[in-house]
Amino acid sequence: MCGIVGIVDAGGVSIQLYYALYALQHRGQESAGISTFDGTSLRKFKGQGLVADVFSPAVLKDLKGTAGVGHVRYPTTGSNLPENIQPLNFQFQEHFISVAHNGNLVNTCDIRREYEQAGQIFTTTTDTEIIAKILIQEISTSGSVEDAVQLCMKRMQGSYSVVIMIDGVIYAFRDPLGIKPFCLGKIEHGYIVASESVAIDALGGKFLRDIRPGELIRMDGDGVKCTQIAVAGRCAHCIFEYIYFARADAVIDGVLVYDVRRTIGQKLHEEAPVSADSVCSVPDSGTAYAIGYAERSRIPFVESLMKNRYMGRTFIMPTQKERERAVRIKLNPIPAHLKDKSIVLVDDSIVRGTTSKRIIEMMRDAGAQEIHMRIGSPAIKAPCYLGVDMPTRKELIASDKIEEEVRRSITATSLHHISLDALVKAIGFDREDLCTGCLTGCYPLLIDGETANPRLVNFVDVTFQSRLESFEAETT
Amino acid sequence: MCGIVGIVDAGGVSIQLYYALYALQHRGQESAGISTFDGTSLRKFKGQGLVADVFSPAVLKDLKGTAGVGHVRYPTTGSNLPENIQPLNFQFQEHFISVAHNGNLVNTCDIRREYEQAGQIFTTTTDTEIIAKILIQEISTSGSVEDAVQLCMKRMQGSYSVVIMIDGVIYAFRDPLGIKPFCLGKIEHGYIVASESVAIDALGGKFLRDIRPGELIRMDGDGVKCTQIAVAGRCAHCIFEYIYFARADAVIDGVLVYDVRRTIGQKLHEEAPVSADSVCSVPDSGTAYAIGYAERSRIPFVESLMKNRYMGRTFIMPTQKERERAVRIKLNPIPAHLKDKSIVLVDDSIVRGTTSKRIIEMMRDAGAQEIHMRIGSPAIKAPCYLGVDMPTRKELIASDKIEEEVRRSITATSLHHISLDALVKAIGFDREDLCTGCLTGCYPLLIDGETANPRLVNFVDVTFQSRLESFEAETT
Amino acid sequence: MCGIVGIVDAGGVSIQLYYALYALQHRGQESAGISTFDGTSLRKFKGQGLVADVFSPAVLKDLKGTAGVGHVRYPTTGSNLPENIQPLNFQFQEHFISVAHNGNLVNTCDIRREYEQAGQIFTTTTDTEIIAKILIQEISTSGSVEDAVQLCMKRMQGSYSVVIMIDGVIYAFRDPLGIKPFCLGKIEHGYIVASESVAIDALGGKFLRDIRPGELIRMDGDGVKCTQIAVAGRCAHCIFEYIYFARADAVIDGVLVYDVRRTIGQKLHEEAPVSADSVCSVPDSGTAYAIGYAERSRIPFVESLMKNRYMGRTFIMPTQKERERAVRIKLNPIPAHLKDKSIVLVDDSIVRGTTSKRIIEMMRDAGAQEIHMRIGSPAIKAPCYLGVDMPTRKELIASDKIEEEVRRSITATSLHHISLDALVKAIGFDREDLCTGCLTGCYPLLIDGETANPRLVNFVDVTFQSRLESFEAETT
Amino acid sequence: MCGIVGIVDAGGVSIQLYYALYALQHRGQESAGISTFDGTSLRKFKGQGLVADVFSPAVLKDLKGTAGVGHVRYPTTGSNLPENIQPLNFQFQEHFISVAHNGNLVNTCDIRREYEQAGQIFTTTTDTEIIAKILIQEISTSGSVEDAVQLCMKRMQGSYSVVIMIDGVIYAFRDPLGIKPFCLGKIEHGYIVASESVAIDALGGKFLRDIRPGELIRMDGDGVKCTQIAVAGRCAHCIFEYIYFARADAVIDGVLVYDVRRTIGQKLHEEAPVSADSVCSVPDSGTAYAIGYAERSRIPFVESLMKNRYMGRTFIMPTQKERERAVRIKLNPIPAHLKDKSIVLVDDSIVRGTTSKRIIEMMRDAGAQEIHMRIGSPAIKAPCYLGVDMPTRKELIASDKIEEEVRRSITATSLHHISLDALVKAIGFDREDLCTGCLTGCYPLLIDGETANPRLVNFVDVTFQSRLESFEAETT
């Protein structure tokens, strides 16, 4: 997972890119980067760590220009090489290109092999460089960015929200299934595309609309143009964005994430009511769910696990004892709220089960008598190939255990996961327009060794426009 | 405000000091330091920034020893000199001393002048060095730490929770009025004193009791002894610890802070009911209050201002516009929860009024129709001389304005501060056992140019024990 | 100017690369980098600053592998972009390539345009990336490194000593005119190629021979093979390496640099004898010359300008006064050796004349009566296009001034530059086998707007071997 | 060993202190510090490392004031604690004091015990803090700096050149035996005191004179006053400053160090002539000696060991092999100058003998046939208690070996140390006015377990002036 942003603004973009990345920080804490175009060439700065640590006022001052792109990166295995920090920057035929990408391609190897055989040379191991190669090679042949993006969409299987800057013009496009979120906004003197609407909010801007699956947006000083490059019969919006990944205050594809979570909390009570003294959440990801549960059940919502607000770059000592202590400093149970009490504990999901188990142990040590766990997602049964850093099946506790076995493993008094139907209903889309791969093991794309969703054959049904026409985007 | 901790543990103390300081991080983010005694001399490390940034595993490994003290420092004007970072370390007559202090003395100048005239030389501008000078000079004369602490208590006016390490023995004492919090705990192989019980929790330890006002605690490998050095007729526990400063999960002088706040929230509804669509808090400090308000009023609690969880060391650009944007990235309103709604907005206190005003403006921009502000403390009318970094009267919005004027200034639809009576009742002490200086302008100590609380004449009534006897502390 | 090194050693290469770069530090202080091949992929580390500052023991430990390349970079205008730090690393068709280069191409634009038109995309502004593109594209077509290097030599005009690592095999080649130095050595368990023999000495290795102009060396665990790729009728060894750039203890193309400089010093006395009290040098570059002068003239060599040995990363304050002071702290005149004395002052060259002028002023301020300047090179009259960072003609004091005018400008009592004949004789090559572009304005290659050396038409005469045969190099 | 400096200058002092410390960098590379007085309080900055690394332009800009002191510290065992970095800063009775010290006291323990019994508390383990305590306590009693310095001189046994700043006035004093160097200069708009004259040179200032043994200098905006506080019958100037420690271009107590070394070189030939092909030095410390030897012997001076000029913060790998390699990268033999040759190798001193042995081995490996070692000092036989960081007797190769045994140990063909008589004569003082402790084991002060020089009983003969009178110093 990553966060991306692109901005055009006649008054300079670096500070706005900084604040936008800051708002998207939850999408990636490993590294951050910004590239701007100063009229003649690129200015760029990247580094490992949080946005606030990577950029200083002096650096931002030096990132001159009226267009720019930014990126925050989520830590994944082997990803922490300096050259992999995005945006990636390129030059060809006196053009300067900067590319940032959120998502994951599933046919990387094939494309890479093909381009290498055609003589292309790679300097990173990222999908992003592959996207750049396809685009640049096609642009230098045809001269048309639209054609190049269409070629991308034809060749690339996977999830991709991409922002590109070519010599001061920002292009943004989203894969035909609309897997990752991507939206468009108006700021005081320009425009912005970003992974989540919260980046627009952070600039005091106006959310215009989500970028459509298969659509290309072009922004410069003169305004915004849009072109529908490809059309698919169905969408495959990532369901995990609503469950966990996106910020609660984000609006994704027209749906406020907070309300999805609160509604699920209400449904959790309907599906699995229980009598208890209080409802508490695993902060912060479980809070909106817990508030919904409390609301519907009329059981008071009382915080009983307090989160240390200063997590910073804490390190974990290599002994087991120290690892356990590390959990204690992140989350502190309040004995007065737990002693001899029956508690409804609400969280967004259970992945490996180890954290849930430790939390329940801590709560029991603090005197809790009954702990009824309620989970805002169905059981996670399968890995994600489309950009969420999920563990393998072997590590996923629910991949081979039924709910009762999981309950016993985490030592909860009772356990209930929300039903997939209720979840889908809370989001409001057709089930066929969501990617539920991690919950069902059925994916909207052909993935080696995995089942494709029989109802989602639409992925072969992508239609590419033969005559690409651009329109002025409605921006008021 | 600062956080302090002292630990004795046969198995080494540095990692435990680290985690304890981490749990106390909310009490001070400017700098952090640890000193340990390795059997022959001091090991020490200090630095500016958060605990997680100052200490590395290599540094902690080097901080060998079975006793140690730690400190986190709150930024106050002129405090960021490297030599002022605590603990302060001294040597005299082959003894090694390390001192950490939370609080503020009001007769610093007098004492300093006296000791300078007696030939003492100072290397810092801290109260802590004054405490050290009194202690060390008396110890080297009388040889008795008890006598030295008694001399301290006789000479020093103000708030002081102090932890001292002398050659591997930890001493801890609290001022006779018990202004700042200070508590004692048992950990697996030793003992801990700390500003708040959350530090004990973080180590998986057992809270034993609060250190009594006027009491001296001595801890080493053999156990814990306690000596009542001075007795005052009344206490003057800082009321602002309950309102804002302490962590919600801390238990201070027998009272769980979270419950005080939740109860106040309930009382706020009783004192100033209003009909509204939802209750929302200014996160995180207003949340416990808001939950109480929602609970009692039966108006649903709905988060409508989302906090960015990655604050780090963000910097503020020097223009007005940038300052406003900075608020936006810290706190994001959710329009869907605000549009055309009537909202009860709950916060812990109003200091200058500028933040409240900006938040209300943001909410109105997002469409809120009515904003009924409810505040968990009475109006703050006067400065603090005893350790809370309050602004001057001139900057305090309520120092010369009645509630209606404040309401108009922050543009709220309605405004209510909790009554002092309800607040005191929620805490559960006699009003005479609390310092309410910032709320009333009456202080429990004589302060130049300020009124002393006529009912708190007890501060002249401190009785010093003529025969100091130590007892084994109950530690089971 | 830069320094390059490549090593194969079964026992690991990182520490040896470190020490080799350390020995080549005088060839570039701006940045340093190392890449190694660990059997499956590249390990790499780069940074700005001195070798000793860039690499830590932990970093070197991580640079595992039995083959590796290293680079130190000289600061040139616009060169300090992080992505330009060498070695540059690439991947193609599951191969890993790392390239380091010393020299400068004069037909960069043409080649770059051609490759861009063929679809190649560039990520840096370096010549090195161009070399890499030519090589990799040809290797992936023909599969032959020899053919790829021959294509390089056909396409590239300029100076280039290049070391490439492909999956753990080291290749090294030198341009057909042998402009930059490059040599081969044997170390305990492997082989080394390096810019100067001093890198071999630093490893306690044995100098084998210089790499021949137009030759390709291949080194791996099995030994060293060599292939003559191209043959030119003449060489064009850079004369400035002998005058200033190389370390005095280096042996370049069979000639010990120190002895060239000492011999020139002797000849300077023969060409321009003078009676004086002592001979002194501008340390350290003038010392070998001055020793030769003193030896032949029998005038005692007495150090009269002392150099501060701790230059580090000093910064220059922006005022004129501070800049003057900065010279003072680098070079201190000894009044006792100068007062009322007649001095022969020896330096290697005069570039802008400003430093010479300041030094002479300092010496006069210290009481020197006569200052007879003797210079180890002929007057520098023209820029360098082949890798030495010379200023433009406008800044070169001798580009439009005769010796007497220069003398007056720097305020010396007398001034003599060594004759070109004497210099050439001291080096020992035919004049036609040296590049004297900076001294004569005649270059061994066609350069836009400059005169080509009519006697050096050989550059069009490069013959490329049609059947490339490799031989075992003699390595004993 | 350390370097100290004090400056008063109406136009600001920080940049001048920076350059002065830079010129004194050879006296200490471990840490550096500057304190200035800005009219109301101290500005200060300290750090570990070289002057150029510790101070940035921003830091220097912040060090405002018209008076300041600076210090560079030599690494000694256990000295690298942050709090020991000088200058040390103190406050008493609204005065601000900053102290920097070069030298070593031999009665530290007694004084410290005495002051601790009188109630003083120490925060460092430095002699400097002891000096400060004596001074400040006496000043606060008597109000007279002169009296306080006299008390210092009465109480302190050892070497001490001290610079103190009290509220913007600089005081400087030197021990009655004048062991460490200390001198006074005039700069454009003020005055400077410094360890060596090279600091004055670096500022383009004028050397006025050495500070007299037992003298106190007072400098402020109005000029310089001097007071003779104590008078001793003899001096005990450190002989090792001339041999090794001071910069060759320094003038110490009226004697140019370079000329001492060059004269010794000449005498070395007279005492131990040898027929050889060339004279070479161990750079840089042996060079002036070698030049003298070559001059007198008429054997040509030829550099045959080249020093790497970029030493930086290199680290040594923990294996024997790596340690040997480390010598190789610092010093490179030139085979062409050594092969089959007979060489006179000149160095300043032999301490442990290990370096000499390794150098000779390297030279033999490079083909040298005879290596005649000539040493600019007599054999070093005893430790130093007065400020030079010499090893213990056990580690000193000559402490229990005669010259022939040392020769065999280092494998030289022949070996000669200069005679003490010749050394003393080259310096030009009476032998009784020099401290030769390290060469003779006889010290000018009573040191526990060591012999006092019977002829240097003068150290008990220090006469203290009963009426302290100050005079305007001659400053023109």
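Order of writing sets the chain letters: A, B, C and D. Residues in each chain are counted from 1.
What we mean here is this: a residue touches a chain if its C-beta (ideal position, glycine included) is under 8 Å from a C-beta of that chain, and two chains touch if they have at least 3 such contacts.
For clarity, every value in this text was computed on a predicted model and none was experimentally measured.
Any chain bridging chain A and chain B, meaning touching each of them, is missing here; the list is empty.
For chain C, the chain whose average C-alpha position is most distant is B.
Chain centres here are Cα averages; for chain A and chain C they lie 50 Å apart.
With each centre defined as the average position of its C-alpha atoms, the distance from chain A to chain D rounds to 63 Å. Between chain C and chain D the centroid-to-centroid distance comes to 38 Å (mean Cα coordinates, whole Å).
Residue positions of chain B touching 2 or more other chains: there are none. A list of each chain pair in contact follows: A-B, A-C, B-D, C-D. Across the complex, chain C meets chain A through its residues 83, 88-93, 97, 113, 116-123, 125, 132-133, 136-137, 140-141.
Looking at the complex, you find that chain C touches chain D at residues 15, 19, 22-23, 25-26, 29, 50-53, 56-57, 198, 201-204, 247-249, 251, 256, 258-259, 262, 284, 287-288, 291, 294-295, 300-303, 306, 308-315, 317, 322, 324-325, 328-329, 332-334, 336-337.
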